[in-house]
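First chain A sits with chain B, and in the next complex the same chain sits with chain C.
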Partner chain A sequence: MKKAVVALAGNPNVGKSAIFNALTGAKQKLGNWPGVTVEKKEGICKYKDIEMHIVDLPGIYGLTASSIDEKIARDFILHNKPDLVVDIVDASNIERNLYLTLQLIEMDANIVIALNKVDLAESKGYKIDAKKLSEKLGLPVVPTVAIRNKGIEELKRAMYNAIKTKIKSSLRYNDKLESVISLIEQKVVEKRVLPEYPSRFVAIRLLEGDEEILRSANLQEEVIKQWILQRS
Partner chain B sequence: MDFATELANARYELIGKIISSSVKKVSKPKSFSDLVDTVVLDKYLGIPIFLTLMWAAFQFSFSVSAPFSDAIDIFFGAAAEWAKASISNEILASLVGDGIFGGLGFVLVFLPPIAFVFVSLAILEDSGYLPRAAFIMDRVMSKVGLHGKSFIPMLLGFGCNVPAIMACRTIENDVDRKITIMVNPLMSCSARLPVYILFAGVFFSGYEGAAIVSMYLLGIVLAAIMATVIRRILFGGRISPFLMEMPDYTMPSLKLVLNSAWIRTQIFLKKAATILFVGALFMWFLTVFPWDATGGGEILDNSYASLVGHIMEPLIKPLGLNWKAGVALLSGFMAKEIVVGTLGILYGVESEEAIQSALSQDFNPITALVMMAITLIYLPCLATIGVLKRELGEWKLVSLVILYELVLAYAVAALIVVSGKVLGVV
Partner chain C sequence: MELMRLSELREGEKGIVVEVKGDLKTKLLTMGIVKGTEVKVVRNAPLKDPLEIEVRGYLLSLRRDEAEHVFVERR
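On to the complex of A and B.
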């Protein structure tokens, strides 16, 4: 049986544990993330010919590595390069939740969206067109109500397909910003800056002045500013 | 150009576009939660409502638990009498009667009020009110140098400072996190509750709830002040913005409330069976030995406890406290519940009735407040110091916490004494 590593990502309180339990059933393992006392949950979900190893990442609002939780999540995606990231989006809080989704897309991850709590969203008066959302994001979107086990089979199928086909979103920002990003990305590729990470991710993080990436790339913020200035 | 802001804007712009084409908002009448929130989160009503609820929670816990406490009290009093009468070996009789039933029993008297406080807090928590309290307090806290996200760890501090300090890991900004950790021991944990209950019961009868809430408020105010001071002196910098989610109000389920109260009460019971038990034995030893000199605990002035207490006395005498209070406070370093157990042993009483008259002789309302305030502020307990070291990383910052708490405790106590004199209360 083929093995695949799947990371569960999402904001706090989106029903991540419920999705995790629904996917893995009783086969769970509790531990700690290396070096810190943040709980790490792992489990297995078998679907057709793939054995999916599910890793529950800490609940986070972004991937800026500014808290221990965000750093754990980011490092896991960067270093362990999971075959798939299931991004759990709280449908009743979709606007805030999509921020993390965009950051996951920046990391060039292979993503499936579990649009959880759709019942709650509806009762709050939100009508979400999952198909349209999927189209716009360029990612598979599966509506679920994890606590009632709704949509879990569909989610498993989508996960299976995504692992097999590896579709990546080509979602982009406005042209003005993208021209700067691609400029930096070129430099990143040229100068072989952190070649083990996705170049677009490195470029965006350098632009944002992410201290950790700057440090591990051994670059000063001034250098990045010069790169931008050289062009114009 | 600042690309961090630029990128954040671009992400929100894109999210806006995606949502406008895939999500439709059907207008619904205001939900029940929204209606309640217009009142509860009101700029002016918010804080009075918060204070009233907290006061009600304590007053309720206090009144409801009284008969249970009396029952435990009578039981341990009788058990001590029985032990002393039926054990022939003098030392053993004193150990079981005064040490175990006297010291530990005296701590267990506070089990019912603690359990009921936990029930009240669980109701506030499960109903969805506590996050609102955090929101209301954030308005105040952000003005005084604490991050809004600090509120949850601060709130947890009302239970126990150890998990509360660990919960500070959720604060992204390192400076905000360190400041929150360093002021967390000022949040009045449940271990200090027995001391408040004891003194409030004797000296503020009828106003116990108000007296206890005032200690909690004192802790919050001091935490806010210290947060500002620490930020100014040690770190500098701005407070990062705060985002919080408001869950809908729900009817608390009896099962969940009892369950969460039980789990927290169990921690108290476990502590009673371990560290408080050992502490009671240790304090008993200090009060009855040297055996011959004290005449088997009859002449307290000749005991080791008295020796230690008298060394401390010059320091606390200006605050109106005697050496017994000093020994009690010293013993609280192990765990703050031990303070009442020690008082029980030192005053040689097994029942709550007896200690009330004994305390009335040595304390007055002002020194009772002093004792409560010092217990709140003076020292993090041993377990808290351990977790402070782990989460702050350096002993330098930990010793700073211990130092500022000792100084602050003394200053606040002195302030209470002076105010008492000025107001002519005593």
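On to the complex of A and C.
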């Protein structure tokens, strides 16, 4: 049976544990992330000819590595390169949640979105068009209510298909921003800045002034500014 | 409209975020408190610390010294 590593990512309180339990059932393993007292949950979900090893990442709002939880999640996605990331989005709080989604896309991850708590979103009066969202993001979106086990079979199927086909989102920002991103990305590729990471991800983080990335790339923010100014 | 700190808004008052400063800047931006976002003070704990705000349809509790670093225009 083919093995695949699947990471579960999402904001705190989106029902990540409920999704984890629904996917893995009783086959769970509990431990810690190496070196830190942050709980690590792992489990197995078998679907057709694939054995999916599910890793539950800490609940996070973003991937800026500003907290230990964010650093764990970021390092896992960048270094371990899971075959798939299931991004659990709280439908009742979709705007804040989609920020993490964008960061995952920037990391060039293979992503399936579990749009959880759709029942709560409806009771709040939200009407979310999952199909439209999927088109806009360029990613599969599966509505779920994990605590009622709704949408879990559909989610498993979407995960399976994504592992087989590896769909990458081609979502891009506005032209002005993209022109600066591609400028920095060019420099990143030329100068071989952190070549083990996706170049677009490095470029965006440098543009943002991400301290950790600047430090590990051994670059000053001033240098990035110079790159941008040199353009004209 | 006047520029003030988020911590200076009274219960029920709304403001538009103008600038975020301080150590928590990245964290607050990540949570959707960016320039142009509407925030509403829902309620204050005794001594105004912490305070609860509504932003982008969810509730968030902030310490007073964190809210002092968020500058808003009162609506």
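In the analysis below, the second predicted complex is superposed on the first by the 232 of 232 C-alpha atoms of A that agree within 3 Å, B and C clash if a C-alpha of one lies under 4 Å from a C-alpha of the other, contacts with A are read in each partner's own complex, and residues count from 1 in each chain.
In this text, a contact is a pair of C-beta atoms (placed from the backbone, for glycine too) under 8 Å apart; a residue touches a chain by one contact, two chains touch by 3 or more.
The model shown is predicted, which means the values in this text are computed figures rather than measured ones.
Visitor: Sharing chain A, do chain B and chain C clash or fit in the superposition?
Guide: clash
Visitor: Quick check for you: in the superposed arrangement, does A:Y99 touch first (chain B), second (chain C), both or neither?
Guide: both
Visitor: Taking the superposition on A as described, I'd like to know which of chain B and chain C A:I147 touches: first, second, both or neither.
Guide: Neither partner.
Visitor: Based on the superposed arrangement, let me know which partner A:L219 touches: chain B (first), chain C (second), both, or neither?
Guide: So A:L219 meets neither chain B nor chain C here.
Visitor: Using the superposition on chain A described above, determine whether A:L183 touches chain B (first), chain C (second), both, or neither.
Guide: neither
Visitor: Is A:I44 touching anything from chain B or chain C once the two structures are fitted on A? First, second, both or neither.
Guide: In the superposed model, A:I44 contacts neither chain B nor chain C.
Visitor: Check whether chain B or chain C contacts more residues of chain A in the superposed model.
Guide: B
Visitor: With the two complexes superposed on chain A, say which partner A:V5 touches: chain B (first), chain C (second), both, or neither.
Guide: neither
Visitor: Flag for me the stretch of chain B that overlaps chain C after superposition; candidates: 130-138, 220-228 or 256-264.
Guide: None of the options clash except 130-138.
Visitor: Residues of chain A that sit at the chain B interface in one complex and at the chain C interface in the other, please.
Guide: The answer is residues 61, 64, 66-67, 93, 95-96, 99, 124 of chain A.
Visitor: Which residues of chain C touch chain A in the complex?
Guide: 26-27, 30-32, 56-58
Visitor: Residue numbers of chain A touching chain C in their complex, please.
Guide: Of all residues in chain A, those touching chain C are 61-62, 64, 66-67, 93, 95-96, 99, 124.
Visitor: Please output the residues of chain A touching chain B within their complex, sorted ascending.
Guide: Per the stated touch rule, the residues are 12-13, 37-38, 61, 64, 66-70, 93-96, 98-99, 102-103, 124-130, 132-133, 136-137, 171, 173-174, 177, 180, 204, 207-209.
Visitor: Over in the complex, which chain B residues touch chain A? Could you list them?
Guide: The contact residues of chain B facing chain A are 3-4, 6-7, 10-15, 17-19, 21-28, 31, 166, 169-173, 243, 245, 247.
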